[in-house]
Amino acid sequence: MSGLELRHVRKAFGAHEVFPDLSLEVEHGEHVAIFGPSGCGKTLLLRLIAGIYDPDAGDILMDGRSILDLAPDRRGIGMAFQNFALYPHMSAFDNIASPLSAHGNSAPTEHVREIAGLLKIDHVLSHAPRALSNGQKQRTALARALVGEPKLLLLDDPLRNVDAKLRYEMRLELPKLLRGFDATVLYVTQDYKEAMALGHRIAVMSRGTIRQFGTPEEIYYQPADVEIARLFGDPTINLLQLQPEKSERGVHIRLSEVAVPLPDGDALPTGRECTVGLRPEVLAFVDADVPAAIPVTVEAETPLNEKVVSLVRTSCGHELLVSRPAGTPAPASGPAHIGVDPGRLLLFDPSSGDRIALQDAVSTRGGSTT
Amino acid sequence: MYEKERRLIEAFVGGRMSRRELFAGLGKLGVGAVAARYLLNDAVTSAMAADFDWMKHKGTHLKLLLNKHPYADAMIADIEAFKKLTGMDISYDIFPEDVYFDKVTAALSSKSSQYDCLMTGAYQTWQYGPAGWLVDLNEYINSDNTSSGWDKKDILPNLLASDSWSGKPGDALGGEGAKQWCLPWAFEQYCISYNKRIFDSLKLTPPQHMEDLIEAAVKITKSDNNAYGIGVRGSRSWATIHPGFLSGYVSYGASDFVMKDGHLKAAMNSPEAKKFTELWVKMIQEAGPKNWATYTWYQVGNDLGAGASGMIYDADILGFFQNNGDTKEKGNIGFHDFIANPEAKAPKSNVWIWSLAMSNFSKQKDAAWYFLQWATSKEHDLFGAIKGDMVDPARQSVWDNDDFKSRMGKNKGYLEQFEKTSPGAKIYFTPQPLFFNVTTDWAAALQRMVAKQVPVDEGLDQLADSINKQMEQAGL
Amino acid sequence: MDHTSPLETIFRRVALGVILVFFLFPIFWIVLMSFQTNEQILRIPPRVFFSPTLSNYKALISGELITTVGSLKLTFMHNLWNSFFLSTTSVLVALVLGVPAAYAFARFKFRLGEDIAFTLLSIRFAPPLLILLPLSLLFNEIGLSDTYIGLIWVYQLICLPLIVWIVRGYFEDISPDIEHAYRIDGHSWAQTFFRIAVPLARPGIAAAGLLSFIFAWNNFVFALILGSADKQPVTVGALAFVTAAGISYGQIAAAIVLSILPTLALALYAQRYLVEGLSLGAVKG
Amino acid sequence: MNRRVLPYLLSLPALIVCIGIIVPFVIAIYYSMQRYNLALPYLRGFIWFGNYQSLFTSSEFWKTVTVSLLYTVFTVGIELFLGLGTALLLRRPTTFNNIAAILLLLPLMTAPAIASLMWKLMTNPGFGILSYLISLVGITNFKWASSPTTALFTVILVDIWVYTPFIMVLLIAGLRALPRQPFEAAELDGVPRTFVFFRITLPMLMPYIITAVLFRLIDSIQQFDIIYAMTQGGPGDSTLVFQVAAYLEFFQYTNVGRSAAILMVLWVITYVLSLVFVKNWRRLRERAHGAV
């Protein structure tokens, strides 16, 4: 039985329709990251689930039962808000204890201390929210969401308003912490790394619809469309407008006049342009004598911690980013050659942006990760 | 009670003996002052009860609507006597003078049966009467329900007439078919109250007429007495018109309205009216209070009492209170009658009469009439005049009373001015329901003239026009 | 905010000084007058130095005014009590009715909501004179004339719009997420309203409550027209010192001072809620 | 509780209480269409808009409209300026400022009906302290409420004295309730203070300003206590505002119909002014919060 299910949810504010028809099914105990640009309706989705808003149509179910007729306080949900939403007139302790006291737990002290210990805020429990640092506020908000051991935990971009260092720490810490709770988790974020790190599955939202719902690997290697491909990955994917050509050996594209063969696909578009996606790590510097080596000119090079990114230009003028692990040798400038792994090449329909499935791309390469 | 004492007290109650004589007589008989007073009250009550069934409405509860005023205070001080005489219970609501008539209008216009009797002035009855809020007291005066001791003829006839009107605009007060809307209780008339200290220092005598008055007032203003010459009211209200102003106005032979073809026409722009108004405006401009346009009775009074003005042309009782209260000029105030027009022979004074009326919404009118009888009786008027501050009582018998005379005699010239003014003291306004519209506009016009926004001549023409228009609109 | 130049500091202090003098000098003068006899007050020119007397206060508090004529009864303390009772109960009723309504207008967009809010405001500008005559007729009919209940009802004209509109603004300034969080924690709507919304809007409720108390206190026309003498507030009572025998400025001054005291006490008490405004500044979304 | 029903449940009690007051209001509208002078009962009759027609054709009435509007514009304008200035001076919650704010409420606590008696005394040319003080600087013939040229000024002065604290207290509360982040950011960025005031403080404070001004506007155009006690509408008709005119019509002239008509005109003016303000208030609120 699924932990949470949204069935054909529709929600509009006046003439503005945020969700035309939204469905989502989350397994019990699963951690799902809701990822999407700001304004796509992620937060509203959580609020519909929490009962802050009612959908105009459709149904929301938890453990197979509709929760629409339950008031927010009866849904058994924990939620952490992006702006923390701490009660300014109560101490951190009372903030955290709020869900416990609401359910008539008369001696919440131990429980609060325990969770505060887990989140390393046990020393500031007596402080008022305004006396807490942003990180402490965020942990307090998280503690408050967790303390009632809810069946469903909604985290609305909880790391958005904290500084980079803390965000990095929490990104490592949070999955471990959540594993200790037997809750279905919906985690809203705008940061693809957070989504990849925290979600068993990722739901990618865009303009009120879920564009793709899958494991982080699926999202990365088989993005549903060009937009998702662009959102995941750093540096971003290289996108080229090319016209696949057909020859007796199959279909190929040309980079610097060198033919790069494409795997067989269902209806490979020939004779018209399409968008070719090449992740920087799919490209690699090779010696000139390697077959199908593509001659390029190295324009610039940027070291990025564990990897180095080079900007190269093909002879027909396309600019490409090439990434390699730091410490591997490569020409810093001037002429060079790169090679492409055709199996990891992505092809998108230029008008709809949808990915054009290439034959066996995943089955042949599946399992390999970054 | 012993025969001798009884006879003494009866003589007093019958008005044949003064209070002082009575007490002296009782003292000779070995009756102490306190006991004498007790005996007296008892005797007065029983004397009143002698020929009339005062107890007829025993147990009834009456409620009065009263204005915070020394006259009302005097009545309240005597209210136990009424309770004892009639066996009725009585309670009262007192409201400050500033808002009193608002309360009356509100209470009566909502047809509230809360109040049985109320204090009023004659002008107000010109609205209340036609509105159907008051009872015509003639029905009661001439009935069996009136004690023979309630001597109608003893009430100053001018006042009794001033409180009665037929309800037809322009009909003479107290004339044919007049209804007695209320009964005079105590009143005030208008004379010159002056500061003897200032007058002596400038070797002035009380002024004889308007021009004389202006001359004296200017002299005082220019002297180094830190005082201006003449205090009169000036606020934008009927209160500015009815005291000194109207008294002088009528002395010059002017009137507020004339009857033309069965309609009332404003006469504020008649030659006599213009002549007097010119003088009045000049008087204020040259020797009046600087803040004249905000002045009402209490500022006029204050200034006299504090020595800030040399004299006032206003109510005699206003001067009296300043002469007898906690004021700087206590005892320094003198009184003099005033004939504004040098060609006139006797003073004329408009009057303000505090009167008592019966609400038409009262549910116990017969009992209420008992109260009115008692409150306007000789006995109560005398009590108020001697023991309280009911200083201008409405009954001749009180003015003839020696105790009262000796009390008032301590105020220089008070009794003399009363005697001279009283015969010509009555309401000089033409009764009509737009009285307050007319007098308020009149006051506003005076304010404009004094501020030199408009010449007197023109201002009065405008005023008459505007009033004629209003009368027409109201269908009068 | 702290980087003020010395010149500006001087300017600020002078400006504040002028303002304080303008607003407080008349009060100071009234307080002085309340310790003077009428004769002392009415001097030319006015003087600051005098031998103070407590007679005005004695007369007001004991309810007896000793004059040359005799002793007069004053009902001032009863008027003071009426003012206190009418203002307090009216404000409490207005809070009970107005705060939930203000919350509804702030939090919910509902059909006719703005119209209802504006209707509540519009009763504030129905001129009292306009409705007093029909109202007194109506009150006679339904037995509410000359009752405290009737007066408290009419006083809602003054208090209710003020409370609804001021408190509404404060509710709107509270981040709705704080309330949502509390609901999700498992609290009912009512618990959220009383434990989150109301405490957070407290500065606004205190300000609105205080102001409507003052306006109710300063009113006189309602009680004057609709109540008998024993229900009159201090505003009517103080006019009793204006009589045909003159005006007692000293007693009026003392009456003003006495009538200010309860309101001042309330303001001092409410002050700690008023300043909460800043400390909760971070709440605003 | 149902989200749809709840707001009605919350606001209806307040509305019901008010409806009890609206009934007499409707009766009053009916009165305004009658020839209805209590003292002339036999002339009573329904005359449609006769009272209004007579008002609109009378120059005195237009003078009343002008004086009322002048009074309103000057009192509210000056009070807003002074109230905002004072609120800015007392913005920081120091003990001194808090005490000063409470003391500055004192004028509001003195009932205008009585305080005006004191103002009359204080402006008396003989005993008045204010007249005395200005005479020290050489102004000896100032007539305050007694001269047509200065009467309006004087009543406006008293109104300012009484009601500026109302605006002040609402704006102090408003200023202290503003979020601090924008100011901190501006300070860090070294934005000039005048810029901060006009571009941050004032816009954020606007909803509070509108509320305060709205209530002052309603009260000011309906002012009665101060003016009646000080001048009764005089000298001449230089301070004859709506409420004083209507009061005289009702209580002195017992002309219920005309009084009701004057007040209805006042009501309509107030209604329109308030509507404009409330519309703006909503707009500014929404701008300050970002529409949902």
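The chains carry the letters A, B, C and D, assigned in the order they are written, with residues numbered from 1 in each.
Definition applied: a contact is a pair of C-beta atoms (placed from the backbone, for glycine too) under 8 Å apart; a residue touches a chain by one contact, two chains touch by 3 or more.
Quick caveat, the model's predicted, so the values are computed rather than measured.
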item	value
Chains contacting each of subunit B and subunit D, listed by label	C
Most widely separated chain from subunit D, with each centre as the mean of CA atoms	A
Most extensive contact between chains (C-beta pair count)	C-D
Distance between chain centroids, defined by C-alpha means - subunit A, subunit D (Å)	57
Chain centre separation in whole Å, for subunit C relative to subunit B (CA means)	39
Distance from the mean Cα position of subunit B to that of subunit A, given in whole angstrom	95
Inter-chain centre distance, subunit C versus subunit D - centres from mean C-alpha coordinates, in Å	15
Overlap residues in subunit D, where contacts from two or more other chains coincide	1, 3, 126-127, 250, 256
Multi-chain contact residues (two or more partners), subunit B	102, 109, 226, 299, 302, 306, 308
Residue numbers of subunit A (touch at least two other chains)	71
Sites on subunit D touched by subunit C in the complex	1, 3-4, 6-8, 10-11, 13-15, 17-18, 20-25, 27-28, 31, 82, 85-86, 89-90, 92-93, 98, 100-115, 117-119, 121-122, 126-129, 132, 135, 161, 164-166, 169-170, 172-173, 176-180, 183, 187, 207-208, 211, 214-215, 218, 222, 224-225, 242-243, 246-247, 250, 256, 259-260, 263-264, 266-267, 270-271, 274-275, 278, 282, 285, 289
In the complex, subunit A residues that touch subunit C	47, 50-52, 71-75, 77-79, 81, 83, 85-89, 98-99, 102-103, 129-130, 144, 148
Residues on subunit B engaged by subunit D in the complex (per definition of touch)	101-102, 105, 109, 126-128, 130-132, 226, 234-238, 289-294, 299, 302-303, 306, 308, 433-434, 436-437, 440, 443-445, 447-448, 450-451, 453, 473-475
Residues on subunit C engaged by subunit D in the complex (per definition of touch)	1, 12, 15-16, 19-20, 22-24, 26-27, 29-30, 33, 41-46, 97-98, 100-101, 103-105, 107-108, 110, 113-114, 116-127, 129-135, 137-138, 153-154, 156-157, 160, 162, 164-166, 169-170, 172-173, 189, 203-204, 207, 210-211, 214, 217-218, 220-221, 234-235, 238-239, 242, 247, 249, 252-253, 255-256, 259-260, 263-264, 267-268, 271, 274-275, 277-278, 280-282, 284-285
Subunit B-touching residues of subunit C, taken from the complex the two chains share	37-39, 42-44, 67-70, 72, 75, 132-133, 136-137, 139-140, 145-146, 220, 224-226, 228-230, 232, 236-237, 239-247
